[in-house]
Every structure is written in C-alpha cells, then in structure tokens.
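Okay, got some structures for you below.
Paired with chain B in one complex and with chain C in the other, chain A is shared by the two complexes that follow.
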Partner chain A sequence: MAMTDAVLRRERTGSKFETYMWFFTRVSGILFLLMGAFNIIYANLAGGQGNMDVGAQMRWAFFPISFHVESSAVEVTPNFSNPFWQVYSFLLLAFTATHGYNGIRVILQDYVRYPLLLAWLKALLFLLWAGLILASIFLIFVFAG
Partner chain B sequence: MRVRVKIRRFNPEQDRRPYWATYTVDAEPTDRVLDLLVQIKSYQDGTLTFRRSCAHGVCGSDAVVINGRNRLACKELVQDVGRSIQIEALRGLPVIKDLVVDMEPFFRQYRSILPFLINDEPAPYDERLQSPEARARYDDTTKCILCAACTTSCPSYWASSDYVGPAAIVQAHRFIFDDRDRGAQARLAILAEGTGVWRCHTIYNCTEACPRGIQVTQAIGEVKKAITTGEIR
Partner chain C sequence: MSKIARVSLPNAVAYRGGQPMIAWLLHRISAIGIVVFVSMHIWAAFFLYAVAGTTGGVAEALTEFYEALPMQVFVLFCILYHAINGLRIVILDMWPSLYRYNREAMWVQWAIFLPLFLLPAALMILGGS
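Right, the complex of A and B next:
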C-alpha cells in the first residue's frame, strides 16, 4: 500500500457530523409530521372534535399545552401530566427545533463567507437552540409537569 | 440570417468592470455558437478572447453561459438558441479575460477526490478484467469531460468554492463504483466532510447543464447513499 498511503495521507477531519445531521434531517422531518398527525388524531379521539377549532387543533398538534386551546371547552388533560405525554412532547419539540436550527446552520455555512462571522453566527445559533431546549425542558417537566 | 451576439467582455488590464459588447454576424442556422465567436474574432474584433480546442464537444474547453444556460459553444446550434444570443463567462470562477476563466480552483477540487485508479494488489500479467455489468455500473460518469459546466451552474458552489462541486463528485463516482478500484472508502470519507456531498441541496442545475447528458444529481445521490449505508452497489 506504499503508493496508496502516500496519496491518501491528506489533511482530513474524518468527521461524520455532516453525514449524521443530513440523515437526522430526513428522519426527523418525517417523524415530526407523523407525531403531529398522531397528536391531532388523539386530540379528536379524546373529545376535541366539536370543541376545538382548526387553529387550536393545529397548535395542539405541535405543542399540546392547555393555554394553546384555552378558548375551547375541551377539558385539557393530560397536559403533560403523565410521563408519556411529557416525553412525547419534548421529543417532538426537540426534533423540530434541531431540524430547523440545523437547516439555518447549513444556510449560514453556504452563504456566510467570513470565517470569523460564520463562527460567531454559529455560536449564536447554538445558544438559541440550547436555550430553546432548556426552556422546553423547564416548561414541560418542571412548570407544567 | 443575421444574428445579434452580445458578449460580456472584460480585460483586467484596461477595464474597471465587465461590459457588454454587441456584434452582428451573418450565420447559417446550422452554425454553432463557437463559429460565431470565431467569426467575430477573425473579422470584427481580434481582441475577443475565448478557449476552444477540439471544437467537437470532447475536450471541454469552451463551456460558457449562453442565454443564461451553461453550454458548450461548440455544441449549441444557432437555430436552437435564436437570433439574439448572449454569451458570458462561467460563473463562480475568476475571469481571466472575456470568456476565459481560471479553472485552477475547479481542478483543485477535482484532484482532491483522488481521480485515479487505486489498487495496490499485484496486477495480473495482462490487464485487470471487468465484466460488462460491472463496467455498466459507472458508465454514465465516465462521460465527463471536465468542462466545469455543472460545477459553475451550482448555487452551492457559487456561494462557496470550498464545496468540491458536482464535477468532482461525478469523477469520484466513476472510481467509487468501479469494482477494480480499492480507494472507495478514502473517497467517501473525503466526500462525507463538510465540503463534500452534503452541500448538494438537489437543485438539479448540474444535470440540466451537463453537455454530455450525465445524470449528475443522481450520481451525487448514489454517493450520498453509499456514505449513509456504507454499502457500494
């Protein structure tokens, strides 16, 4: 392998991060649509039909919390009251947020030409993402839980 | 028929910025755009600069933007592009003069994916044999002539020339799916990095631009699949 090694020994990070993020984007995209659909179906089965208008149903789909559907007459339990809905809602939110923030990261990487500015913007984006995740953990598991 | 040819010209030694020059040329409908350029250079303005070599769509020297699309000037017939023709240099590469761009950034990306057969197993006495089926697997990507039409039509490449670009991925595909080659994993590792295939957002400009009709986006998709599944087939 003498020749091959010499040729292949090139500066390389060998990082799989981009591959994983690409794959995650496809999978989470499908997953959070299915999870949202399940939320809507469940809300209707649980008595939402006739009590929630379309807007409320949509809000319920992606973040099932009581003050999203305040106007409706439906009794909004479980409202994060049991661990299943807590984990479910957190996963849905985490998938959606990570999917979206990764999309912005890719766009920044494509279009920001100054390395320093790019590094700052990416750091800012990471903080926003981390803040959102932390806020959602607080909201779902501590505040409403 | 009379054809109006508008060419985006630029001479870095004289001009502060590129400008459009218009020429009127007598042409046959079956003339190629390259013939018009040759005619202008020979009879109207000797300073017009462009590249061409084979004049038959083989060498890949004369890719330019014709009426907004990346084409080989030697393959586009006047009857297909109309009486009013706009020609400019490829986008995304530095212009040296008029229609001539600096291809070095393009070739640097090409070299980065190891565009040669890698196989240190002792060669057989005569040649490394391959079945027709195995040869057919990567036939499409062997057609590439490195004209840069695809890479310079890609918005991801315009945005950042760190991206290896469709042409380099096509060339990598040509070796990755060649069963005589042993360097696939090394190439896949290069293309899995941040500057590799993930910069492709399946815009399909490259497929539209390729003068050889290579299914470029599909080839990129196959490389993406090989990276994610770890399987080459």
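Right, the complex of A and C next:
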C-alpha cells in the first residue's frame, strides 16, 4: 500500500502528458463517432443515395476522401472532392493516427519491462506516427488535390 | 512504469474476469487491428501512388491482403466493437456513478453491436464483395 501511494504521488508531481492524452483519447473518440455519422448522412443527402453501394458508403463514412467513392456511380465532383473535404479528412486522419499510436504506446507500457527497450520502441512509434502523417499529407493534398 | 505481474499462462487463462475482462481484451485486440489496418492501408496507397513501380509489388501484396474478405470482416468487427465499447468507457468516465449499471450496459452493448456487425458481415460474406 505504501509503495502504491509513493508511486501515485510521484506520478502526480510529474508532467501532465498522460492526463492530456487520456483526455484527448476520450474527446477524439467522441469526435470520430460524430464525424462518422456526419459523413454517412452527408453522403446520402449529397447524391449518394441509390448511387453508392454499401462498400462505398462505408468507405466514405470511415474516411471521406474522393477516391473512396470513385468506384460508385455517384458524381465525385464537386460534392466529394474539394478543399473542405481535404482539410476535414486530413484532420480526421491526424486525430486517428494520434489516438491509435498513443494507444499502442499505452499497451507497450503495460508489457515492455525494460526501460531502454521501451524508450526505443516509443521512438519507433513516434517515427511511424510522423511518417503516417507525412504520407497522408501527400495522398490527400498532392495526389488527390 | 509497468507494474510487474508474474502470472503463469495456465493461471492467466483460468482467470475468470467475466464480461469486463472480455471487453478489455476485445478493446485491445480491436485497437491493434485498427492501427495495423489503417497504417497498412495508407502505406500501401502511398507506395502505390507515390513511388509506383519501385517497391517490387509490396503495395499490391498489402492491398490484396487487406482487401481479402476475412480481413474486411475483421476490420468491420474491430471498428464497430472499438467504437461502441469506447462510447461505454467515455460515458462511465464522465459519470462514474453509472458504474452501478456496468453489467447491464455491457449486455446493451452486445445488443447494439451484434446486429450492427452481423448483418453487414452476412451481406459481405453472402454477397461475395
């Protein structure tokens, strides 16, 4: 018990990083649900109804980018391809990547017992996270733009 | 700051945590599934469009893997379970007094999740797309 208290006290005096990430995980999680609902409602109101198959509707709901609806009969431009959806889908992806890679970091902290190995794995995770953001910037703004 | 728990594998398997343990386990499995799928999908698209022809078919192999039916059904399971279970976690974190109804909430959660997952999954498997 005494040790638990000591651990808790030490963590409480440390940085607020874990608290902020805990909060971010909750807020972004709610945001993903709202964004998914908004995407699927928008797609059906903006000409998708009857023109998008189930696969295209789900792809658009999970990630709204023009080439996710290209295979369907729906008119891609101007409804589904414009700067608003580019910025929107980039933000969605940046939040998703941060939410996901932070979660992997939490899982690693549960299982990796060697501090040095954990530090290297966290560095690797950070690189994967940053690489994912850069690749998505290329795909959304350069390739689809 | 990992807390060291020395539990043998048979003991770990025999531990009967019930519904909350299953939810915790499925939440982690689905989390890893989503991160693997999203990362794989973005890198495959990046290699396919940005450096086409120089990756020796890596992008095509990745695409073939995640577009296969079992993987699609697994991804649908991961996203739906993670979303619905995550919503329960957020609600309980915001209003901790609701923990009294956690057991009921978990059954409600299954009642929401199973139709939402099984109907599209059945359509995907039977429709062959």
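Heads up, the rule we're going with is that the second predicted complex is superposed on the first by the 125 of 145 C-alpha atoms of A that agree within 3 Å, B and C clash if a C-alpha of one lies under 4 Å from a C-alpha of the other, contacts with A are read in each partner's own complex, and residues count from 1 in each chain.
One rule holds in what follows: a contact is a pair of C-beta atoms (placed from the backbone, for glycine too) under 8 Å apart; a residue touches a chain by one contact, two chains touch by 3 or more.
Computed from a predicted structure; not experimentally measured.
Asker: I'd like to know which partner A:L132 touches here: chain B for first, chain C for second, both or neither.
Answerer: After superposing on A, A:L132 lies in contact with chain C but is clear of chain B.
Asker: On the superposed three-chain arrangement, identify whether chain B or chain C touches more chain A residues.
Answerer: In the superposed model, C touches more residues of chain A.
Asker: Touch check for A:S15: first (chain B), second (chain C), both, or neither?
Answerer: In the superposed model, A:S15 contacts chain B only, not chain C.
Asker: Considering only touches as defined above, state whether A:G55 meets chain B (first), chain C (second), both or neither.
Answerer: second
Asker: For chain A, which residues lie in the overlap of the chain B contacts and the chain C contacts?
Answerer: 7, 109-111, 113
Asker: What does chain B use to touch chain A in their complex?
Answerer: Its residues touching chain A are 112, 114, 118, 120, 156, 159-160, 182-183, 186, 189-190, 192-194, 196, 198-199, 224, 227-228.
Asker: Any idea which chain C residues touch chain A in the complex?
Answerer: 1-2, 4, 28, 31-32, 34-35, 38-39, 42-43, 45-46, 49-50, 76, 79, 83, 86-87, 89-90, 93-94, 120, 123, 129
Asker: Going by the contact rule at the top, pick out the chain A residues touching chain C in the complex.
Answerer: Within the complex, chain A touches chain C at residues 7, 11, 26, 29-30, 32-33, 36, 53-55, 58, 62, 93, 96-97, 100-101, 103-104, 107, 109-113, 118, 128, 132, 135-136, 138-139, 143.
Asker: For a test of understanding, state which residues of chain A touch chain B in their complex under the given definition.
Answerer: So the residues of chain A touching chain B come out as 1-4, 7-8, 10, 12-19, 21-23, 106, 109-111, 113.
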